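Two complexes come next, and they have one chain in common, chain A, joined by chain B in the first and chain C in the second.
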Partner chain A sequence: MTAARSPWAFARTVYLAAFFSFFYVPILTLFVLSFNDSPVMGFPFKTATTQWYGEAVSDGVLLRALINSVQLGLVSAAIGTALALSAAIGLRYRLPFKKGVIPLMVLPIILPGVVTGVVMLVFFGLSGVSTGLWPTTLIVHVSWVLPFAFLTLYPRIHGFDQTIEEAAMDLGARPTTVFLRIVFPLIRPAVLATFLFAFTLSFDEFVRTFFVIGSQRTVPVHLWILVTEQVAPFLPAVGVIIMLATLSVAAVGFFTMTRASAGRAPRAAQQ
Partner chain B sequence: MNASSTSAGAGVSAVSVQHVTKRFNETTALDGVSLEIRRGEFFSLLGPSGCGKTTLLRIIGGFEEADSGEVLIAGRNVGADPPYRRRTNMIFQHLALFPHLTVSENIAFGLEMKKVSRTEIDRKVGDILKLVRLEDYGKRKIDELSGGQKQRVAIARALVNEPEVLLLDEPLGALDLQLRLQMHDELKRIHRAIGSTFILVTHDQTEAITLSDRIAVMNAGQIVQLGTPADIYSRPINRFVANFIGHANFIDGEVAAASENKGELRAGGVIFAGRTAGALRSGQPATAVLRYEHLRILPASSSAGLSAVVEDVAFHGSSFRVTVRAEGGIRLVSEIAGSEDGVQVKLGDAVRVDWRPESLTILDQ
Partner chain C sequence: MLLEYYSTYRNTRKLPFVAGQSAPQRRASRGGWLLAPAMAWLFLFTIVPVAMMLVLSFWTSTAYGIKAEFTLDNYRTIFGEPVYLSTFARTLRIAAVTTALTLVVAYPVALIVSRARGGWKAIALLFIFLPFWTSYVVRSFLWLPMLGRNGLINFLLIKLGIVTRPVDWLIYNEGAVYVGLVYAYMLFMFLPIYQSLDKQDRKLEEAASDLGATPARTFWRVILPLSLPGVFSGCTMVFMFACGAYVTPQLLGGASSLMASNVIGSQFQISNNWALGSALSITLMVIVLFCFMLGSSRLGLLQVLSGSRR
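So, the complex of A and B:
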């Protein structure tokens, strides 16, 4: 039996190795290149240097773009999460056209970014709003993160045990108090995770942003301009920094979300 | 049984339900239900699932609104008042404790909503924890408690608000038998200690019988019979009630004779004498109801009752169920207390069976 399986086992190992190499070798290459002491981005690898990290952090335009990206990420994640939360709560009640609301909320995910970008640019042009970080890019980012935020929050709200709210009301709490004292504390981890998720989505967004940001820059926009318009040997170093930063935000989000689902266990245990 | 109704507020029911009807889409959950629940009473709404009992409780608590009819709590029409404006508190079927708060914080919640002072809250929470025997558990998280302890937290969280009426929505349904019996004692003790009105929804007839001062048996959105447990047990008004509470023999036949409240039923050529429920006339089809434990088994040498042959003997823990085939081919079940030596009859024995006419009820079919 072991003998019969071994050719398959070998094939499987090769397949898995190829699969993951395809994913991760380019990223590894980026990591290696970021330490390559060569003025042109690329191989061969000469000697190791940390020079590019130094240049990356001292690039004033990049720093400005980073500040823009972080601000934009925080504001659009906050607005997106708040809107998604109220939409998810609203959907618990009887609404006209309730069945149509969820597809409409989620539709922007499947619209091609180029299309959204162009359409938004035209729309802002017609309405006479000048492009820039605020408000055009913010509006585009909110509409980009909102469906994702909704998709992460909706199941949590939808699955919330309504008798817990009834119990609070029974004990004299008005609807606002019920939300602030009972519902929100219980869903807080999910809300936080959603916020972080939305932040990384906004931080990484390029295509839509590129159309509506005017002359200003976010980090992805800045990197694109660097790549296309000048030789930027420190680009891999910037890539590594951003990757690590994004990963750590995502990790925090993941762990809060795990804690959130662990927090639901006691409810089931009450039965 | 109902001494407290003579105290303050005599004459005013704790809860008065008047012609309440409630529909959910096509189904009628409550069909013109009227009910007076006295102050200090332990009242049960008993019935199979879907009979409307929970809907009625939720209307009293303010979680559902009646389509028509009125609900008065302590004489005041509560109309469409939301739950937070009613002097009722509910113990939910799945308890609905707040998982992010401690035991004390759960119990204090209602008092905080009423803006009771901190020192007063601490005192009341301490008192109620003592009442439900959880003095040392105040700082525990809800998920650190056992099922029975959670139950008691739920009771304390409702009772600490000193509600006019405590509503209990099958809160013991999820517990195992042992714990449920223990909680029955606990509930009775607490009801006696507090003296407020309890309304319990249950489908468990034993629970209703042990706990209640009065029971309303419900079916298909209506109250079928209302009375004390003893009343309902020994004088069921129809086959549904007789079937739902306790175990009984049903003997179908026709009325052979009927006077004011005594009668005879003929089935399989045999006459069953008993009392009648409602007006019956000779010759009409009717059913005799005889509880298992009211059918006595006598030696064959006895002259009373009917002759019968034992067909089955089944051990039921504290009792035995003896199935016999009596004269006229009628199969009857008798429940007799077990003794250390076991039961005196065995399969195939010839015996006689007998009952007191007061314990056999003849009902209109």
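So, the complex of A and C:
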């Protein structure tokens, strides 16, 4: 074992270096190219410029898309979290079709993105609802975030000590009071974390959105249209902006989530 | 982005009914109606639309609109015309190869990271997650300035004197799709494997080595078998996602390496043949659901989604 350690350590270092290069060289390349003063996207690197960032935001479409994405994310996360919370609480009671709940719940995760997209396009088309941000994209986003919100909330709902609730009920509190005064304060951090998680999912959703958004744009749709319609030199700058926006949204969500799970379930936060 | 998903993974492992127990249910069933809004939503916006598409797949699209007469023609087209059959064959092949490649890339990293010391482990995990926090479309688009004619690799090849002119075979083929898909789905393979490796009792390895097993033998007989649920879960997820890949093959694959999702998309956006597109969607959906059921029949539905669990 000791004799084998140093070649093993060497191989390990090489493997990790290759692995992380695979993941980070493309990101760094995009970052470098976003400052390249060249009319074609690519190498060689000429001189540094920030003009592409100016062009990326100049027409206001990116900003409009960003506003759309944030609005859509907030509304769909709110509806999705509310539905998931209600479902997670409801699932604690005795029910006839309990076994069928989870398969139905996870169906939107399992269905391929394009299938969901065209299924909803057909659905809206045949029902005569015109596509756009509201309500078609909102509906698709709520269905998309709902399973994840449920899977995040459900264990938390079950996680806390049910004897507290029972004590409240024994003391004569009505179910509504028990929920508002006991249950909700306990799960509030989890609900907030779930909301943010749902927001990030909605913010980054592309394929499903693409088929039902009509002529409007969210951030990923905007990038997709730029990439497929014209390979413009400012594309890397748009990519970097979107990457940073998504990253900060995800980071906020993640840190709220870890804090929430650290508070609620210390054991789950370790590992 | 997916680090939250990771927490979801971990949490679902604790779901009471996953472990075969039921939650304390001494209360009356009055609260069950709280499930109704979510169920109604999913029924109305998932089941009903899929059912509509199923019906549509047996109709015909004409230049004047959809003709509502039962026909099997769309499915005959799919299973009779080489272009569609080969698309599905290619989709399954790409998904299978992607799954294998992702496994080969992710397993050693999961093993190394799971055996790393505290601080290094946290740093490694952070840097593995970080790329997946960036936008999904950006992650696929990233490979254009890497593999393209003016891309980094061509630039380096020329600089190093290996080639004199940019080569074209780096992009717009199946190889580029593999690169993009491994890049896009690696985390779904890494997570369940990492989890199953991380929670193994290290005493087992010590015991094996005390009993005279070489490190290789310990790996094959102890570590690997115990990590198989994670491998299985990761493979199911990646295969399932790769079957439905749209963005990566559209951006990086050429006309000859388009996958089922791209063909479906074009039926709705270019050819405007909704009936055939519906039949293609139903076919892809059946394939993916079948794979998922195959995977979940061994591990259980939530275990596949939630990673390994023993």
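What we mean here is this: the second predicted complex is superposed on the first by the 257 of 271 C-alpha atoms of A that agree within 3 Å, B and C clash if a C-alpha of one lies under 4 Å from a C-alpha of the other, contacts with A are read in each partner's own complex, and residues count from 1 in each chain.
As a working rule, a contact is a pair of C-beta atoms (placed from the backbone, for glycine too) under 8 Å apart; a residue touches a chain by one contact, two chains touch by 3 or more.
Owing to the predicted nature of the structure, the values given are computational and were not obtained by experimental measurement.
Asker: Quick one: is A:V114 in contact with chain B, with chain C, with both, or with neither? Answer first, second, both or neither.
Answerer: In the superposition, A:V114 touches chain C alone.
Asker: Pick one for A:G54: touches chain B only (first), chain C only (second), both, or neither.
Answerer: A:G54 sits against neither chain B nor chain C.
Asker: First (chain B), second (chain C), both or neither: which does A:D170 touch?
Answerer: It touches chain B, and chain C stays clear.
Asker: Looking at chain A, which partner touches more of its residues: chain C or chain B?
Answerer: Per-residue touch count on chain A favours C.
Asker: Taking the stated contact definition, name every residue in chain A that is touched by chain B in one complex and by chain C in the other, in rising order.
Answerer: In the superposed arrangement, which is not itself an observed complex, chain A uses residues 265, 271 for both chain B and chain C.
Asker: Taking the touch rule as given, give the residues of chain C at its contact with chain A in the complex, in rising order.
Answerer: Touching chain A from chain C are residues 1, 3-5, 7-8, 10-12, 14-17, 23-25, 27-39, 41-43, 45-50, 52-53, 56, 105, 108-109, 112, 124, 127-128, 130-131, 133-138, 141-146, 148-152, 154-155, 183, 186, 198-199, 209, 215, 240, 243-244, 246-247, 250-251, 261-262, 264-265, 267-269, 274, 277-278, 281, 284-285, 288-289, 292, 301-302, 305-306.
Asker: Give the list of chain A residues in touch with chain C in this complex.
Answerer: 1, 4, 8, 12, 15-16, 19-20, 22-27, 29-30, 33, 40-44, 83-84, 86-87, 89-95, 98, 101-115, 117-123, 125-126, 139-140, 142-143, 146, 148, 150-152, 154-156, 158-159, 162, 175, 193, 196-197, 200-201, 204, 206-207, 211, 219-220, 223-224, 227-228, 231, 235-236, 239, 242-243, 245-247, 250-251, 253-254, 257-258, 261, 265, 268, 271
Asker: Show which residues of chain A lie in contact with chain B when the two form their complex.
Answerer: So the residues of chain A touching chain B come out as 161, 163-164, 166-174, 177, 181-182, 185-186, 263, 265-267, 269-271.
Asker: Applying the document's contact rule, which stretches of chain B touch chain A when the two form their complex?
Answerer: Listed in rising order, the residues of chain B that touch chain A are 61-63, 82-84, 88-90, 92-100, 109-110, 113-114, 141-143, 150, 157-158, 161, 174.
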